[in-house]
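What follows is a short report on a single structure.
Here the chain labels run A, B, C, D, E and F in written order, and each chain numbers its own residues starting at 1.
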């Protein structure tokens, strides 16, 4: 994981625990002795790509720094069979109190990594890349984009501040593509490339002429995409989006676009089934 | 929405915006004039239960208190056709900068409310109720549990502090159901009812004898559930869980259990398709 | 202490120190060399129940993680004579700067534990239990309720979210006990028992009929309490409150109620005299 | 109230409410309609000095900015009979949810103001002034010191940073009064006066010679205090402390000291009985 | 000012006030009546570019929302004579307590805007642009970069996350320019352009060959810069840095580079003399 | 460094890093292997007083607790030649990501310490002392005042709460010096000395008569200052301010005033040139 995430991970995990633990884990505090210790295994119960092990580690350490978390897999590993992915040893209270928070996070992140991997595999050999979007869960963007990378996808911009994407509403407000792009250059872009969203081939031409660095081709059929690729002829990067499913993604990628962006990676991935079992 | 959520909603929305906006919305600030105003509509694009309109309202107000958000639907309303659910008027910059954060939240919450509604409808007339679990997204529990209520479901405990649920790992640590329950009573339960998780009918008997107020029947087949209902005979509340899908839920509910809890409501709901369109 | 308190204790102690230390301890920084070390004793100077030693430990550790705090008593221990309850060794500056914050907390918590113990002892053998209330110091509820437990008392609900108590003002707003209880069941109680406050025996009957799980008997004389116990006959738990003092508590407890709740435990306990002395 | 307290009051009140309300006021949300409104009175039920009305105002406004809080008394007013001190009108839910937090604060602050007033009255005409100490509740120092002022007392330093007080432990570390004072002058005092704690008349002489601006006379009998006053002869301000009660304070004040400091004002004041009643 | 800054401005201003006001403005609270009001003028006392008026407005509003701040100039305006730039009306206490914090901010930001304007004017007509750097004051980056824009400068990247700049230490760690650039492309750049720092013309060639989008020419003499411009021939953007002063900047800009970056804009600007005067 | 600063330093440094690192250091994460380690030197490149080494240490430790920071100089040391002041060993990523934040802080603080030292040296032997003011950078006051001490200067009050300074605007509001001072004594000063700002010798007389403990002589010429010193004759401390430069400060100090306060120390110091070099 990257340095910036490490800076924030502890705070994020503490907030997640505070939300779940509230005023205290009534059940565990009453039924488990304060000095009881245990070893537990973290088990991935269905096929998929594991993701979030360092996050789970941080959850248990936040509750008790003496808990030892030993992963036997690395984020991004893919498994076809149920597999133990980590072993956790330490104070039983910390293990049981942190269990649900850890599982919620690993399950969700693994779900995203697994879905991403399926999209990436589906376009294997086409030369295109799978991108994520800003359709992430509020509060979890950095982690969810990390999960996309673990699944073999590429990250689009992290937020509204590190990428420029002129969408239809901006065009309407600015009065057209060329005005919008000119305003951007006048305001200063800090070197960020300018991407323009287009719905038609005419708009593609206009964006190209205005000097767009990247062009988003929204909801275009493969034939249209192919035509856009031909017209642009490498003078801008092309990103297809809209209506992308595991069924359609390969046909889209084969048109020659550089990127296919898929909102479903983060907004509609199902959590993977992960469980924690205390060993006898 | 409830008072406690209102207390926190502003802070939550500010954090969500900070995550997306970061150091500033480069595109909007350059292409849209500071004093431009607009009216936009929030559109539910597929059948489902709308949820999160007050949250969207809070998003736009956080960016600009003068934005007017006028809902034409209420959280919990179900629509079979694409429908406008709100109208937003105000500074164009605020509308465009807040768009993605608002849509991410409304899409996710509506997805949960819609899935919940399908489960609730599936058991209509059985007398059982659909419960959620603690398998929620870290940071969004209060909102996701609110979405469950909007879909007609009931909330299980909000966290580890306002409900007692003795699970297998607690039983292992305590050395059995009766010891666990006795320890709980000795420690003081603040009046909270004691629920015990069971895998077998023998455990159900044991829990009953120990004085459990509620019994969780985990991964039991309908026949087993029916037998549990008969044995308990109203002396404790019964909750079925595990392997619950839209296909299986009615058979489970018809066994006579009081509650069916469904983790998928919150951990695997697909976001609903919601969009924002600036009116010309 | 419990996990949830540990999660928050560090933050609480840092805020308490920030309040006292402000921009720096002018006196200590000027008069005590940075590398000077010392050993000090924490002394309980009057009879009572000690409480808050782990909190004092956290205060000194927050200022300097190398300070060693060795308790020679445990929270809840009762002493009849002045007694050393801990020894603190480390950087003199940290010991002197943390002294007042540590003493303020230990003094207050020991005061609560001591007063609680007196009430608990006063009803020894009656079968009733002493409960605290929500009349705690803002910011210190978890610690003050912990002190009540150290004194042998039981905790009532921790807040408005983990217990239901229908008071006179709720009854007025709802239009009566039976409506209020029915609304609660309709809204969903997450399994929390419903407690209803009553002032008269008629209200007790009404609460019982409405299905209340617990009944609060407010400001009733022992004779009335005894009658209430007789009428309810075990169908609900009974809690006496109002006008409870060390003089009256035994008579109240002997009526057969299950609980006697005492606001004074936390709102009017006198701090115990505790001091810190640097050893020569 | 002062500007700095106003800056923090909102945050303090939100934290206090968060502690009490937690995940929501289950009872009120179920039993009271969202749009119900009411008028309530805040009633001081026993003789004393009222304090904390602006704090109570802030509590209700934090829950609902439309609540109107109309005080009919001012902080510092003394009453001999039970008296209505404010009227609160607005959403019933906000009134009921905020009730306990408001009462806890007003009760505690009024208790401090009342006790302070008794000490101040007890030394009326002596020329001495009653001072508070740093023996306050962590998190409430600014408010408690405000209550002392409302009771007619004077504030000693607010923390370790805005006053210099060389106590026995500092003297031990520095090796004597003259060294300690010299070190302070060398380190820079930002103009803060230097106060030195003394236990004997010899120490008083030493402090005077070292140039102390104020001398704390700890645990001295009236005769000793009188002798100290004579020796110092106005060359430094004198503060008596230790063993001060309502019985002893006048004799102490009559010795001619400038100040008498009383820890009990804040660490052992009993809360005043204050209640909130919804009007029919 | 931009939306993101507005989101944070209130919090920033509250922290600045907390730092200065601490436990309260002793002088103002004692000498100025609570209900006194006044009108004051904000005066720029020396020639320069004014900057920070909305920040000053936020300072006074944070202390008292009823204060009215009426600017008579706009951020970025240049004045040759002492000029009133705003009028402030409201509670005298708020005006006096906020004075220093407001002046500290306006003075510093105006200093940066003024220095930037001098650099921008010095290269007028050359076609090059003045860039800032990350050599800003911790905590004030967004405001200081805003001041640079008010002075006519352009912003370089806002942080380590929205721009790529491969510096000598990265090159040493990666083992050369081509490896570093290749690794960046492999890791995914989210579309961010790659800038490489060079000290020699050979490195410029290497960077060009590796496909750098921008090349930083560090500490090169004008002749060298001119040669670099010729070699690159528009295939990458060029930025000169190092040893840039008001004396040297024009010669540097005339070499044909696209940008000249100047750390001194933010790390060594002198505060402008600004004062606040209460009108009689 | 002092205890209070240590309490806050970690939080300050984390905020500074968050501002610079944002969503992650794209360049370093891509070009530097996660397990690469290095040793670097921190180099003061121009003559001056070094300041901020413990702050730099905290920056690197915040990114990676295993980084070892070994200073070879102490804050306050003066160097005439470029000098290595510290060696940093550890994970290369942490060293490179923290570099700019550490340099920004050390450069600024050393600039302040160096400028202070020049003022202090300029008045050597006069008996007067150099004071700082509240004209500091918002968020950095404690550190900047620490830098002043490292340069041999004295600190004036830390904020509006630990010192009383009656300025012209207060006098206007109070209606004159004697009223203002009387109000202060009535309100209670917590023992803080009262300083009054004066512009004329008549005001000096008035302040003296009112019982001011310190008198600020604002913008007076040396002759006037000398006359003020003569009139006051030791009955109050005297501080000269206004129009103080390295050229004028000695003449001011030689008038016999106790203090000369200099806003430029903190509001207009140029950052010292400090760099970090990874050793081969």
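To be clear about the criterion, a residue touches a chain if its C-beta (ideal position, glycine included) is under 8 Å from a C-beta of that chain, and two chains touch if they have at least 3 such contacts.
Here the structure is a predicted model, which means the values were calculated and not measured.
Chains that count as touching both subunit B and subunit E, per the definition above, are A, C, D, F.
More C-beta pairs in contact connect the chains of E-F than those of the other pair, out of E-F and D-E.
Because subunit A and subunit C carry the same sequence, their contact can be compared by residue number, and under half of the numbers here are used by both. Spacing of subunit A relative to subunit B, judged by their CA centroids, is 22 angstrom.
Mean C-alpha positions place subunit D and subunit F at a centre distance of 33 Å. Put simply, the C-alpha centre of subunit C and that of subunit E have 53 angstrom between them. Residue numbers of subunit C whose C-beta contacts span two or more other chains: 4, 21-25, 28-29, 97, 158-159, 161-163, 190, 192. If touching chains are joined by edges, the resulting network of the protein chains shown connects every chain directly with every other. Every residue of subunit B that touches subunit E in the complex is listed here, in rising order: 14, 17-18, 21-25, 28-29, 62-63, 93-94, 97.
Those residues of subunit C that touch subunit A in the shared complex are 2-5, 7-8, 142, 158-159, 162. Residues of subunit F touching subunit E in their complex: 12, 15-16, 19-33, 36, 38, 40, 92, 95-97, 99-101, 103-105, 107-108, 111, 134-141, 158-167, 169-174, 180, 183-184, 186-187, 189-190, 192, 267-268, 270-271, 276-278, 280. The residues of subunit D lying in touch with subunit A in their complex are 22-23.
Across the complex, subunit B meets subunit C through its residues 4, 149, 154-158, 161-163, 188, 190-193, 195, 213-214, 237.
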